[in-house]
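Two complexes, one shared chain (subunit A), two partners (subunit B, subunit C).
Presenting the complex of A and B:
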């Protein structure tokens, strides 16, 4: 474990050094994410200006929900999204060979070696937006509930990683440019809707089969509820564990199908 | 000048073939993207209408908003055409030099590539429209006709030229900066939101709507879509296309200036 932490610290140091070489790009990316945050807040600002409530949430609760998925997105962008974008190239060019022979978990190395330094700055801003959204809300939350909320957002981030990786891994068989990651980013828009708007068959889809509602919306639901809904927590844990298991299985099968540089 | 149509057709033909070399990606991406958009919009607006109990929001009925929410991203995608990699990759790897030697105008060549993408995504747009009209039916009061579709598509074509110049200017920042991908993503965010790609502009606060009328963004998505839906008469269409032409001229001249400045200090060795 310590060895992995030391390795990760080295990734972070290297990423910051690299980011400082390309300073203008570093600044552009920070502004880009700020615009993304502004657009998302404005989008729900416009919606809630026409409807006092959205799926049972008032404008303050919607703002907290939005800040939740912005934070999740910032964590994902900082930790693993860049790596997953490069994954298909590593498979198609045979670069994956070099990672497989290293004495560390190949999944760990491929998923986390590029720490996005610019996104880390945005992660701090996203955290600030969340602090503002929670702080400006008309009611206060207990510290325990906020900690649980943050833990569930981290769980949502893990689920986001697993789903993104599951759409990247098919490149072992398809050898296409990006695997199915384009589809992932299109489907990820479902994360940006409160789960309360979905009902019937659509609710089953976003809470079980492509569980984007579990990433930011369920955590917000836990934060707002008077009593902790243990059924909801169990659902979150079960779906996350199931998808993690599927990823490990598919990853093992993918490595078996990998034919090195010729793929 | 007389040779222009020949090479332009050949370039467009090659680009379409290249695009269709990943035809499964192209169509699956279209179907999934449209399906997710429809799913997310339908239930979002259903929640809004059920809570407010109103018949219209921002002048739109529930059916009209769902229809708008499905069509707007298709227009946004079509107007973007070849969104990334118009010229920056060639500046970075030094291969831009060929345009300084070839007897083909760089802007014309790039515009042709862009037009090939616009053509293909417009085809998707028409298919999306037909599928929606046949399965769900058009919202009550909509006057989409062959004439309005023609007005909408011609406005879209004009808007795509405006978007081309906006993208080109940002791509040419690559003459001076090492990474411009994020600038194009910024343009995507801004044009989608302020252009009406997410929600109709009539839902925005009044003051914001007035301010946006002075910007080029509403002409990129909202205007062609309203023409397509039959909400703009011939006179409104002519005024809108005139505004697009004026904005295109402004950004075209800026692009030309940036190109001249950039090529003056382009070394051709790549970065």
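Presenting the complex of A and C:
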């Protein structure tokens, strides 16, 4: 574990060195994410200015929910999204070969080797937006509840990673990952809706089969409820563990099917 | 160090008829063919041995190397490299091997090689002192001490390949797979890489498997070669054995002196019988004949009598011609 932490620290140092080489690109990505944050906050700001409640949440709660998925998105962008975008190219061009001969977990190496140093600035901004959303809420939360909320957002990030990776790994068999990854990005928008808007079968889908509602919406629900809902926590843990297990299984099968590329 | 038994690999390859109609048809009904990249390979390589894998494009050389490095799974057969099954990819195995592919870069394009080596130090958990010592020794051997702070993209191809070699050997592997390590390099750089590999072999005694299309690599680095043809091994042995087993001819070379007065026209018409000899080269200074082994003495005698020979020598046939002939001979 300690070795992997040390290695991750090396990845971060290395990625910062790389990012600094391209100064202009470094600043463009910051601007790009700033626009994304502003659009999302404004979108829900407009809705809540015309309606007192949205799926059972008032404007302050909606702001916290939005800050939750913005933080999740920033963590994903900083830690692993760049790696997952490059994954299908690595499989098709045979770049994966060198990763597979390194004495490190291949899943760890491929998912985390590129730390998006320019997104790190956005991560700080997203954390600031969350601090502002929680701080400006009409009621105060206990420190324990806020820590639990942050832990659940991290769990949501893990789930987001697992789902994104599950749509990337089939490239071992399909050779083209564009369609599935496009589907993932469309479906990921479900994360940006309060789970209260989903009813009946659609609720089952977003809470069990493609559990985007578990990423930011359920954590917000845990934060707002008067008592901790242990059933909800158990559901979160069970779904995350199940998807993690599926990913490990599919990953092992994918590596078996890997045929590299001719030289 | 490397033991391979009956190793085979087949790929399922999608076949599409040309044109739009073919694309449309393939959308609903796919045609697949089974391509046998490697068939029943048996191979043993010991410490300090450099074995050359030789074959035409698509003969299965790179497939064999990738299976032994643990990158791809075989369809059947077994392999044992340093006591490990490569495709189980245990960390203990991966710490002891190195892979260098001349056509694929492992170093990060935008950063100086020094930074890339630092990351590899972390990946292989190399102790600082040991890392510095190995790096110093490798850079000195390859003469690139002054290039460690230059961005990889700014290095010449030869310098880049030297950096790739250092990256592959920093952790001092016991088994090294070299897939076309000199491809694209100029003659000076090729020579430098070959010299380095021989020095490294002498000092570290790793088992090495080398693939190359350059016969000079094979001749100068490998005592033993394995020839693959359409995925099948057709020869495995010392280079000299190829000559013994497959060379049916020798080359007789006559360097010509000044002809006696009035004899020019006579010797210029000199020919050996086409049934057992053929002229390889014929200039005013030198005549070379490729001759059946059993007729060498007769050819030499006739050449001495029929031409103004100043010096006569007999050589084995060029090894690359023999390998070339083996590569293109149809399987029986």
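Throughout what follows, the second predicted complex is superposed on the first by the 258 of 263 C-alpha atoms of A that agree within 3 Å, B and C clash if a C-alpha of one lies under 4 Å from a C-alpha of the other, contacts with A are read in each partner's own complex, and residues count from 1 in each chain.
Methods note: a contact is a pair of C-beta atoms (placed from the backbone, for glycine too) under 8 Å apart; a residue touches a chain by one contact, two chains touch by 3 or more.
Owing to the predicted nature of the structure, the values given are computational and were not obtained by experimental measurement.
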Do subunit B and subunit C fit side by side on subunit A in the superposed arrangement, or is it a clash? fit
Examine A:49 and indicate which partner it touches, taking first as subunit B and second as subunit C; both and neither are also allowed. first
Tell me which partner A:182 touches in the superposition: subunit B (first), subunit C (second), both or neither. first
Regarding the shared-chain residue A:199, is it in contact with subunit B (first), subunit C (second), both, or neither? first
Please indicate which partner A:17 is in contact with in the superposed arrangement: first for subunit B, second for subunit C, both, or neither. second
A:60 in the overlay: touching subunit B, subunit C, both, or neither? Say first, second, both or neither. neither
Which partner chains sit in contact with A:25 here, subunit B, subunit C, both or neither? Use first/second/both/neither. first
Once the two structures are overlaid on A, work out the angle subunit B-subunit A-subunit C from the Cα centres, in steps of 10 degrees. 90
Quick one: classify A:170 as touching subunit B (first), subunit C (second), both or neither. neither
Check the residue A:103 against both partner chains and state whether it touches subunit B (first), subunit C (second), both, or neither. second
Subunit A contact check, subunit B vs subunit C, more residues touched by chain B
Nearest approach of subunit B to subunit C by C-alpha atoms in the superposition, in Å, rounded to an integer. 8
State which residues of subunit A lie in both footprints, the one left by subunit B and the one left by subunit C. 22
Where on subunit A does subunit B make contact in their complex? 22, 24-25, 28-29, 31-32, 35-36, 39, 42-43, 46-47, 49-55, 176-178, 182-183, 186-187, 189-190, 192-194, 196-199, 202, 205
In their complex, what parts of subunit A are in touch with subunit C? 3, 6-7, 10-11, 14, 17-18, 21-22, 94-98, 100-104, 106, 255-256, 258-260, 262-263
List of subunit C residues in touch with subunit A within their complex: 11, 58, 62, 66, 69-73, 89, 91-92, 94-95, 97-99, 101, 103-104, 106, 108, 110-111, 115, 118-119, 122-125, 179-180
Quick check on the complex: what are the subunit B residues that touch subunit A? 22, 25, 28-29, 32-33, 36-37, 39-40, 43-44, 46-48, 51-52, 57-58, 177-180, 182-183, 185-186, 189-190, 192-193, 198-199, 203-205
